[in-house]
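Paired with chain B in one complex and with chain C in the other, chain A is shared by the two complexes that follow.
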Partner chain A sequence: MKQKWLLPLTIVCIISSFSLAFQLKILNYSSNSNPLSEKNTNLVTIINDLEAEIKEQENQIEKIRNDLSTLQNQQVEGELQELQDELQKVKILSGLTPVSGKGIVITVDDYSQGLQANPNDDPNKYIIHYENLLNIVSELKVGGAEAISINDQRLITTSEIRCVGNVILVNTTRIAPPFEVRVIGSPKILAEIINNGELEILRTSNFPVTLEEQNEVIIPAYKGELQFNYSQAVKGD
Partner chain B sequence: MKKSRWQVPLTLVFIFMGILISLQFQAQSRIASDLTMQRTENLIAMVRGLSDKRQKLAVEIVDLNQQLRSQMESYRDETKLKTNLKAELDKLNILTGNTPLEGSGLTITISQNMPVLYIDLIHITNELWAAGAEAISINEYRITNNTSIFFGEEELSNVITVNNHRLSFPIIIRALGDSNNLEKGLTMPGGIMDRLALFNAYPFLEQAESLTIPASQDVHYNYFLKEYKPPENEPAINTADPHIPDNPASLRI
Partner chain C sequence: MWLLPLFGLIIGAIIGSTIQYQIPTIYIKYMSIAVLASFDSVFGGIRAVIEEKFDGTVLLTGFFTNAMLAALLAYLGDRLGVDLYYAAVFAFGVRLFQNLANIRHNLLLKFRNYRQHKNMD
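For the complex of A and B:
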């Protein structure tokens, strides 16, 4: 009689300990299951507040820049006009104006179906990382991209693509999947280089990827700050 | 009797497993980009980054307002107007790489015997921008919006190219900015320097009081791009759209 009880009990214990171990491993990924989560909730509130405030600031900046452009473009006389034209040209090049033109629109998304089908697998294998976006962008530059934006964040010279944990930041702004990369440039060259590069790699791993050639891709202006405190033009020019 | 003794523990096992599996499933699908599921230290890093950005944007707004006021005042004053336009042009030329620049910053030296690939240079420049670099050059080439960093094949070996120019060793990356911040950005634990160390590549970092960064030599033609003027009485593209994409992941916060 004793032995017949022992066997099922042992099985129960083994199975439940396995499950528990799995569960603990999963919780480790997020590392903030119980005592910390309240602290995190506070941090998330702070982040949301900051983001709202920053958005407000960016709208304000956009408005002032527009007003400034209007003012700068009003007077038209000789030498000044030359300067105005040059300034306008440089504004377009540096990303301060919205631009449009022929190009491609790429979307990439997390492979959430894959994660759902393999819940025990490492979730990092199923999400888009900042490296994927960085690779896409650098390949597009090799293909002669003239302007690029990711989820409405215009990439300018000083833009960075990074991550904090699993959250991707562009221009210090949080962006979430699906990621839409808009590019102006030769659709043929861009598509060829990206289809044989990073998109091919993502497709092989079953990530949902689309690429569309468009006659008019519209890319928004950069709305962030332009503060330069360490650089000076070399004198004697 | 024998049967019922078996049934009870078995049922319990299955119920227990069912609950665990469903819990686990929930945990899994929430991990990806949900903010509350991020590590505390990452959230703190985000708060810090956002606070910095807010600070910079506030300064930018003050600057822009000053510029606007000055522009209004100089409406009839041509010399003043010219100075204003020139000042803004100088500022934007830092981005476009039209002018050589000098200032304090960081140099990164990579010698020939280090196994460094083009992708590492992309990561180094990306980290430098993230750490607040204002301008970067690799050897004699200025890095701008349109600069491509890639590789070419030459005499059975790969060479790194910048805008299709072959880079010769030593590769020297110069970045203008707060030299401490720039160095910290590269050397943070798990950062790019740690990653390169795995391959036995140890680029030499040196903070510099005064660095000169050349102007861009390559003329970049834009064949497709033109300024977009939104139709009258309509807001500029997507300005109404929230910056934080409205996908379910962010709604869970």
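For the complex of A and C:
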């Protein structure tokens, strides 16, 4: 008599507690992870891997270039010496050697205190954009800059300063604030032109900006590849 | 013997928490209705046992048809853009409370009767 209700009720109990536990587990799981962020994490690891690979290859290029220059420095004879001097000059011009000299060091950073004080404001007003860096570089070039680097990325003829989402690429390398722009050139002229130009604009918007004149500014060599596949010298020149 | 349903609860919870299968997130809503439907059946079953009119077939068919109907309602609601899902939640919720109230009433009555009889003896 009593057995009659036992089995059906047990079955229903098993099903109900099973579905409850299952549901709780799923809700827990789904609050911890969403597929989008998982995908993003995957992408981030891919990017990190690729960047590590780039770094490795850049080191290799640097090593080969060093080997090359030691080989070139070995032989010193008459006409060859002249050619080597010219080669060295061209290398300095193209940015393939580290250089040092008089110059200035500029640092610019995001105005994070301003953003914290006005959290509802448009954050774009408080960060350094790639245009700011472009303007700085252009003005420095007008001021006769001979070598420029941004966060240790040497600017050469093929260098870009490009906005990609919320990071800035220089020589296809991601750079982040604070930005340190090192320049070799006449410190006086450079400081004059930049102080009356982009830095003035940034200062009026309260960005933390510093400018330092130095007797010895060291600028690293360009680390990436540099190969012209399409350009050829015009004959008869 | 009345411990068997309790064991069932524990076994179901263990299976449910150890199983590795993942259902897509859009079906979570249907699962939650299934949970409500099954609890409704559990309490309905307990009530029927206490009222001494329990019928296993009624319980099991009631459980499955209720769950199906609720899922169907939720699905239809999704299609129509109306949250019919809440209708099922509401119905099951009300029935849960009613069943619980009935169980309490019956237990209380039985307890009082038992005491009265004891006093009379």
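Here is the rule we use: the second predicted complex is superposed on the first by the 200 of 237 C-alpha atoms of A that agree within 3 Å, B and C clash if a C-alpha of one lies under 4 Å from a C-alpha of the other, contacts with A are read in each partner's own complex, and residues count from 1 in each chain.
Methods note: contacts are C-beta pairs under 8 Å (C-beta built on N, C-alpha and C of every residue); 3 or more make two chains touch, one makes a residue touch a chain.
Here the structure is a predicted model, which means the values were calculated and not measured.
Once chain A of one complex is fitted onto chain A of the other, the partner contacts of A:L115 are limited to chain B, with no touch recorded for chain C. Residue contacts after overlaying the shared chain place A:L9 against chain B and chain C alike.
When the two complexes are overlaid on their common chain A, residue A:P208 makes contact with neither chain B nor chain C. Within the superposed three-chain arrangement, the count of touched residues of chain A is higher for B, of the candidates chain B and chain C.
Applying the stated contact rule after C-alpha superposition, one finds that A:T173 touches chain B and leaves chain C untouched.
Contacts of A:S17 after superposition: chain C is touched, whereas chain B is not reached. By the document's definition of touching, neither partner reaches A:G197: not chain B, not chain C.
Of the residues of chain A, those at positions 4-5, 8-9, 11-12, 15-16, 19-20, 22-23, 26-27, 29-30 touch chain B in one of the two structures and chain C in the other.
Touching chain B in their complex are the following residues of chain A: 4-5, 8-9, 11-12, 15-16, 19-20, 22-23, 26-27, 29-32, 36-37, 39-41, 43-44, 46-48, 50-51, 53-55, 57-62, 64-65, 67-68, 71-72, 75, 77, 79-80, 83-84, 86-88, 90-103, 110, 112, 115-116, 119-120, 123, 126-127, 134-135, 138, 141-142, 144-147, 151-153, 155-162, 164-169, 172-178, 184-186, 218-221, 224-234, 237. Every residue of chain A that touches chain C in the complex is listed here, in rising order: 2-27, 29-30. Contact residues on chain C toward chain A in their complex (touch as defined above): 1-2, 4-17, 19, 22-23, 25, 28, 31-32, 34-35, 38-39, 41-42, 45-46, 48-49, 54, 56-57, 59-60, 63.
Chain B contributes residues 2, 5-6, 9-10, 12-13, 16-17, 20-21, 23-25, 27-33, 35-40, 42-47, 49-54, 56-61, 63-65, 67-68, 71-72, 75, 78, 81-82, 85-86, 88-105, 119, 122-123, 126-127, 129-130, 133-135, 143-150, 176-178, 212-213, 222-230, 236-239, 241-245, 247, 249-250, 253 to its touches with chain A in the complex.
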